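Chain nomenclature is as follows: A, B and C, assigned in order of appearance, with residue numbering initiated at 1 for each chain independently.
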Amino acid sequence: MSDEGASIRQLIDKDQIIDLVHEYSYGVDHQLYDEVVKLFTEDCVVDYGPGIGPVRSRARLRDMFGYAEGGFTATSHHNANVLVTFDDADHASVRTAFYAWHKRADGLTPRVWGYYHDIVVRLPEGWRISRRQLRVLGVENWQMEMHPAAGADGL
Amino acid sequence: MSDEGASIRQLIDKDQIIDLVHEYSYGVDHQLYDEVVKLFTEDCVVDYGPGIGPVRSRARLRDMFGYAEGGFTATSHHNANVLVTFDDADHASVRTAFYAWHKRADGLTPRVWGYYHDIVVRLPEGWRISRRQLRVLGVENWQMEMHPAAGADGL
Amino acid sequence: MSDEGASIRQLIDKDQIIDLVHEYSYGVDHQLYDEVVKLFTEDCVVDYGPGIGPVRSRARLRDMFGYAEGGFTATSHHNANVLVTFDDADHASVRTAFYAWHKRADGLTPRVWGYYHDIVVRLPEGWRISRRQLRVLGVENWQMEMHPAAGADGL
């Protein structure tokens, strides 16, 4: 394949990977949790901070969203600065800035600013998230212990 | 056309559609309303909520922006998570998360978090927005009645 | 080159330019200032407002970040609405909406909403930012004098 051919193929892959990250946020904010977990591999490891602990497997991730639903009456997740680095043709690392607004039943609106650090993998059915770690730059009205962004180790 | 050729063509279209959504936000925040309405079809239907009611036609949309200008001294609209689904070669559905900050003359800064749900169509002069509905996830210091995101029906 | 070939080439360039803008924000929020300044040309002009004054050269830009580090304990920069206009094959103008959250040592969290107006240039090593001006739509708990977005002149 020509150099340009390879660049195009990678651009198409990158577009699909960015959609994957965005589908996650759309799904969470619309409580489409059954759809959300299909964006992850069956053996995914999702680490949203020491306050929750890493979730291992798609089934456990589904359980976690059941819990989250109880906690907030609404959420709004906004992705930015999506940066994709290909490790090989079928694996990539993704860094995505997020700004997350939440509403609790008592009216408080906790906010979190940070980055998702993902590893995505190409499966026969498409790109899926196999590892996700959330690293935090700042919070407001947020109690749970999180991974700090600057000092966080790699996955 | 080869499969890859079709993917490339769609990637080019998608890029133009995403620019369309972004030009809207740039235009509104810089009060370039004459330019903004050109991003819509002549017979567009723009529904920003029951508090305003659907605006039908580009000319009525221009009137609406005249009114908005009176209401805020500044606005800042931030798009995220743009998701484009092609219905056929010349029509697509677009979901775009937005975070909108507004400043009123009295100093209050109303904020809105939600999604634009657009239908875009390819015209000879390029892609244009033919339908837009705003569905809201959350507000702060915002009085007007809006469409809720979760319970909103399709356009 | 065919028309489609030219469109593809431009899509690849645009993707690299958007990454450039995003790498800046990632780098600043993770205090990777030595990496950040490599995203600019040696003779760059970076104008973050009358309160700082234009910084001329990559070396002076590095000094400016040293100062910034002293001012904030954390920052989170979120890009949106990235709009790229090619002036010729090797030069482009870029408008990027940003939402910037900062944390000071005293606990205050100043916020800025606005646009980066960049000129980027293709060098042998890749696309680099040669001119950047920040134009502001709104601020919260922010003291420094900035360029207003609406009345700002071109670079």
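Everything that follows uses one rule, which is that a contact is a pair of C-beta atoms (placed from the backbone, for glycine too) under 8 Å apart; a residue touches a chain by one contact, two chains touch by 3 or more.
No experiment lies behind these values; they were computed from the predicted model shown.
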### Task
Go ahead and align subunit B to its copy subunit C using Cα positions, then give the rotation in degrees, nearest 5.
120
### Task
Mind checking subunit A against subunit C and telling me if their interface is mostly the same residue numbers on each side, over half, or mostly different?
different
### Task
Provide the C-alpha centroid distance between subunit A and subunit C, rounded to the nearest whole angstrom.
25
#### Entry: Shared interface positions of subunit C, touching two or more other chains
8, 11, 78, 80, 99
### Query
What residues of subunit A sit close enough to touch subunit C in their complex?
4, 7-8, 11, 14, 78, 80-83, 95, 97, 99, 113-115, 137-138, 140, 149-150
### Query
Considering the complex alone, what residue numbers of subunit C touch subunit A?
8-9, 11-12, 15, 19, 22-23, 25-26, 29-31, 74-80, 99, 101, 103, 109
